[in-house]
Amino acid sequence: MTGAWLRSREAGVAGLILLTVAAVGTINPRFLSVENARDILIAASPGLIVACGATLVIVLGEIDISMGALMGVCAAVLGKLVSAEHAGLPVWLATLIVLSLAAGIGLINGLLVTVARVPSIIATLGMLTILTGVGDLLMAGETIGGFPDSLRAFAIGHVGMLPMPVLVALACLAAFTVLTRETALGRRIYAVGSNAHAARLAGLPALRLKVLAFTLTGLLTGVATLISAPQLEVIEAGFGRQFELFVVTAVVVGGASMSGGAGSIAGSALGVLLLSLVRTALIFLQLGIGATYWERAIQGGFILAAVLADHVSRRRRVQR
Amino acid sequence: MRHLAVILAVLTLAASAAAVAAEAGAQITVALLPKKKGVAYFTSCAAGAEQAAKELGNVTLIYDGPTDGSPEKAAALIEKWTLKGVDVIAVSPNDPEVLAPAMQAAMAKGVKVITWDADGAASSRSFFVNQATGTQIGEAMVDAMAKDLGTPAGKVAIVTATLTAANQNAWIAAMKAHLASAYPKMELVAIKPCNEDQKVAFQVAQDLMKAYPDLVGIFGISSVAFPGAAEAVKQAGRSGQVLVTGLATPNAMKGYVKDGTVKSVVLWNTRDLGYLTVRVARALADGVLIPGATSFAAGSLGSKPVAGDAILLNNLLVFTKANIDQFDF
Amino acid sequence: MLLETRDLGKSYGTVRALIGVSVSILAGEVHALIGENGAGKSTFINLLAGVVHPSSGSISIGGEVLEPGSVRASEAAGIAVIHQESTAFQHLDALDNLFVGREPRRWGCVLDRPRMRAEGRRLLAGLGETLQEGRPLAELSVAQRQMVAIARALSVRCRLLVLDEPTASLSARECGALFAAIRRLTAAGVAVLYVSHRLEEILALADRVTVLRDGSHVETRAAAGLSKDDLIRSMVGREVQEHGHGAPSAPGAVRLAVRSLSRSPCFHEISFELRAGEIIGLAGLVGAGRSEVAAAVFGADRPDAGSVLVDGRALPPGDVRAAIAAGVALVPEDRQHLGLVLPMTVGENLVLAVLASLARGGVRRMSAEAAVAAEQMKAMAIKADSPAVPVRTLSGGNQQKVAIGKWLAAHPRVLILDEPTRGIDVGARAEIYRLIRSLAAGGLATLVISSDLQEVLGLSHRILVMREGRISGELSRQDATQERILALAMPQEAAVAGVSP
Amino acid sequence: MKLGAYRYWHETVLAALIAALMIGAAVVDPRFVSWKTQIALSSHVWELALLAVPMTAIIITAGIDLSVGSAMALSAVVLGLAYQAGANAWLAAACGIVAGALCGTFNGLAVAWLRVHPLIVTLATLAAFRGVAEGISLGRPISGFPASFTVLGLGTIAGVPIAGVIVALIATAAGLALARTPSGLSLYAIGHNPAASRFSGLPVARLTVALYALSGTCAGLAAAIYVARRNTAKADLGTGLELDVITAVVLGGTSIFGGSGRIIGTVLGVLAIHETREFVGWHWEHEELNAIVVGVLLIAAVLLNRLFTRPTR
């Protein structure tokens, strides 16, 4: 059992994280502070939350790339609903509306993919484009601020030692780990992704599971917006842009397979952490101003190395 | 005969004057191009421009620009307006180099082209509505930081929009030069992009404070970077220890100025900038504004000086706790 | 009577897969379903399982009419099916595979792991297997996977258990455990519909036998007193003819030489020679490594050791294009996935292997391609409306003809046919046999891999038999009998032991 | 002839949509549909069209290339740096194209030899290529190319833009290659069934590498045209272009699952996006609307395709 885990993808990514932390920590011990760990976790929280849903979608052999634009729309709607200068609704009502909206968009994605049989990458690409425009129109070129304290508590509050976003992320991770490993629903999602034909023979409701996965991803995007948008006093158009690329990359680095069936919540979470670490690590390495221009290249190289190394080692394992 | 000649002359004069007046009063279309549409800074400029258009009554104002700040899309808009035959295009170039060919082509087609907010190549426009040059802006931010610090010494960092943003890079160059010459004890330790993402700006500022515990100041030199950095300092509980300054609209920064996280916000009156731009556009179309002029009557703004081919707004503002409530944009 | 089908039929487009079958199955009996490949057995099973929707007729179970085309309804009615094709979930472990779709739960949603574990152990123990938890199914052996599939079916409290070729990859010991389990079930009143090509098993196990031929119901009768020959006669619809011919009229030069070819763990030290004009039959059980040898000779897999020579020249290992250039052609067993590009047209498939050689100056010559396609369609007697219809729309036999014709267009020197008549109706089968013989007579060196002993005996000049990755013997045409081949093919522990109770 | 047998349904519907749009535009504002306007606006589409051609072939093989925009930026920066280093502008353009080809070859090798899913490979190189472009150029623009070079982006032959002629030649060549060469047919076979293609002796790996290399080369060429038109090479050009390109190809009727698609469809897809976008911009002057209209167009086209056609090539 332990041996198998050590050979797993999760162990590989965890190892890479430890290696990065150890290397950067040696060069700059300040990297190892509790404060820094907390900040990294807060920054990773939206990614951790949405990765839960994205993992389900990818395990089912589909993909969702509309999350970033959806986040922008959710942030705009949230701002318009709660801020005093706009609708000024109570926080619970605004929260409810935003979450319903997010889940509703996810539902539409799911229905496009299943009922209308539009390939998921196309359906969600279309949704990404549409929502980007809608988000810009909603923001109308203004900043939105004046979030009430009760809403800001979602993003900057603490429960005991734990910051709220981290708490929410941990709760999502726990819930989805249980969902995927310990519930019939979760195992069925893996079954459908693993062998669609056999799933049909076993009478599993593949289409309904897909609709559910897309809806959950939408809902989680709404949750991620709630814990991240109020981190700032004012928000501007463009919130969440390119978030989908980050999440999909992280899930893939975490070991999910584009052909479905493989992937885990733990792996995706580790993938998010690894990618979140890189930018902070580069700052702590204090490479100087010139190196700034190479940051994106280093990040890209890191991703490339992670996925290539895994594929090569996996092939070797299969051949053996 | 002489009477007849005089009458004819008077008539001719009157007719030509009437002709000039008619042309001068004709409805014109002015296209106002921001660097990036959808940001509060440019929206407030547009509000000022709208006010000028309303006052003049004979200006149709188009306000449109790339929502992602892409210079390619900005150039495409200039080309489209040229084809549609607008009278004046006022450009805030998000990348002067990329936009220059399109602006030159527009001028060749007889469209009046001016720049505002940021300048382009001299050959690509006739006038520049100048609220401040890149050098002035960069130096103003450094000066504000130095003043806020009291003793201008220690480590400072810059959070910029993207590594490729032309205007930001121009300011950074000016800031570097000014730091080196005027405040040699202030050390610039890092320039980090936030990729136009507020949350990234927030996180980058957090990381900078931890990686450089003796950091004394952060410049947030875009409307996205500045509030993000200020929020990071505030949440870290280091308001007053790490000072943040930069460029943003006063409305976005009021909270941070009042709680002391930010002492100075550098900007100009953006409404006035938009207003002046449309006034200049109208005057240019009417042939009232010609090269060599030394002053320009800008409606409710009064007279503004003209230096060469630049109309100067000349009101670089520093918002502080004392005055920020007087502004609403 | 437990289950009854009335006039059950299924058509796919113009192809009638099943025609008006009326059969009844009794509670507590083992009811065997036999027929040649393509006789309609799989369609019949799929209809029972609710995977496909019948074109005509109805199924009733326990006196009530079953909702057609619904997996859920069939399951609810107590019909459990173990399908022949891979229906396992490779990424899930044995326990999840056993219970997915009908998981025992607590509080409505959470898996009851302890109960799953206990029940899984019990089910597998009943089949003589131990539970391998936590390892994805992909890492288990074929037999282990098969036992998991059977255990899955047994886990349902079913009234009718359908087993489709359950013993194809089981050892004798595992077969014994399975048969014991079947007997326990029937004693408890469960009906078992048993589909197999292994006639000995059927004679030993079944109470009654239903025979299908070309989609039609031939007969249903008691198994007692039947012989293998009776069953074969009934399936084939004719006396088994005296087949075969002697040695090739003029054995030619060695075309293909395989020297000590090994690829762990599939096959070891394989050596043989194939001459021009000769047909070698390669017999053995499924999983003996025959297809893997073919793939290595063809360059699709890279062998660990050994060499392949065509006309005396060694082929670079693992290079399909070099093998094709040297004149080797392979008609693979899995023609739907490896042999043909189903959505493409008949014409395109027929020229796929010769595309480059038909082109001039890098440009396709459509007229030349059309000529080649027309020639092969005529030579192979392919029944299709035109070369422009997708291969997908053709019947299995005609698809196979396209798969073979594609290679004949390339004028190969060595032709390897892997299960050339699987899933093909009797008429097309005879045509393919005729073709193979005439090609050999024309000097083609041919290797035929087949599990159908009649086919091997009928076609081959020489027969090689493989067992567990090695060549266990060679039989000349004169010496070969079904019994001898089987004796060489069966694992060393007594071959028929599993059949006796 | 049965309706289902007609192979050009998608193209026909798309052409009808474009025609309807142009008629509507002519009614609203005749200047928009004038030859002069259309020629002038056409310069906005050359990079998109150029990249859509190889993308069509890649998607036909069931692959995808998300890195084209970044490869284009890297090519442009290499071009600029070579020119700055004293190379002749045309030689510099050749350097840029070679850089693009190398980017594509890298993708191709990872896909064909390491057998990593193309979506994953190019997702990673999407970041990596742009990062290298930023790194080697330090984010600075490079301009000041000679007029003899800017002809590539601005010049015309008999009233037709030179860049347009290049794109038309490449699209025609690619269309013919797909329909009339062994490699072309092989790509469809690979898209439907790579295993059967290998078993038929098709050079699957070699074609895959060549295809991605070609995509990179076209990105290099697109970079040269862009630099010539805008007289600037910079690391941020072509940001987000990959999604536009994929949208155009899918709009043109190419199945994202591989095995089907035609260049003529892609050309119409590019045209549909271009004309829609330009007309929306022309008439409403709201950049925000562009995104919404294109997104709706994409989903509507795929839904229409579902209604009108059976999956054929």
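As written, the chains take the letters A, B, C and D, and residue 1 is the first residue of each chain.
Please note the rule applied: contacts are C-beta pairs under 8 Å (C-beta built on N, C-alpha and C of every residue); 3 or more make two chains touch, one makes a residue touch a chain.
The structure displayed is predicted, hence computed values, not measured ones.
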Chain whose mean Cα position lies farthest from chain C: B
Distance from chain C to chain A - Cα centre to Cα centre, in angstrom: 45
Chain B and chain D: spacing of chain centres that average the CA atoms, whole Å: 35
Rounded Å distance, chain A centre to chain D centre (Cα mean): 30
Shared interface positions of chain A, touching two or more other chains: 132-133, 136, 293, 295
Interface hub residues of chain D, defined as touching at least two other chains: 134, 138-139, 287-288, 291
Chain C, residues touching no fewer than two other chains: none
All chain pairs that touch each other: A-B, A-C, A-D, B-D, C-D
Contact set on chain D toward chain B in their complex: 31, 36-37, 40-41, 43-44, 134, 138-141, 143, 150, 154, 226, 229-232, 234-237, 239-240, 278, 281-282, 285-288, 291
List of chain B residues in touch with chain A within their complex: 37-40, 42-43, 46, 67-68, 163, 188-193, 195-200, 202-204, 206-208, 210-213, 223-224, 227-228, 231, 235, 249, 251-252, 255-256
Complex contact set, residues of chain A against chain B: 28, 30-31, 33, 35-36, 39, 43, 132-133, 136, 139-143, 145, 156, 228, 231-239, 241-242, 279-280, 283-284, 286, 289, 292-293, 295
Partner chain D, residues of chain B touching it in the complex: 37-38, 62, 64-68, 70-73, 75-77, 79-80, 82-84, 95, 97-98, 100-102, 162-164, 166, 169
Residues of chain C that touch chain A when the two form their complex: 49-51, 71-72, 75, 81, 83, 85-92, 96, 100-101, 103, 105, 109-111, 113, 134-135
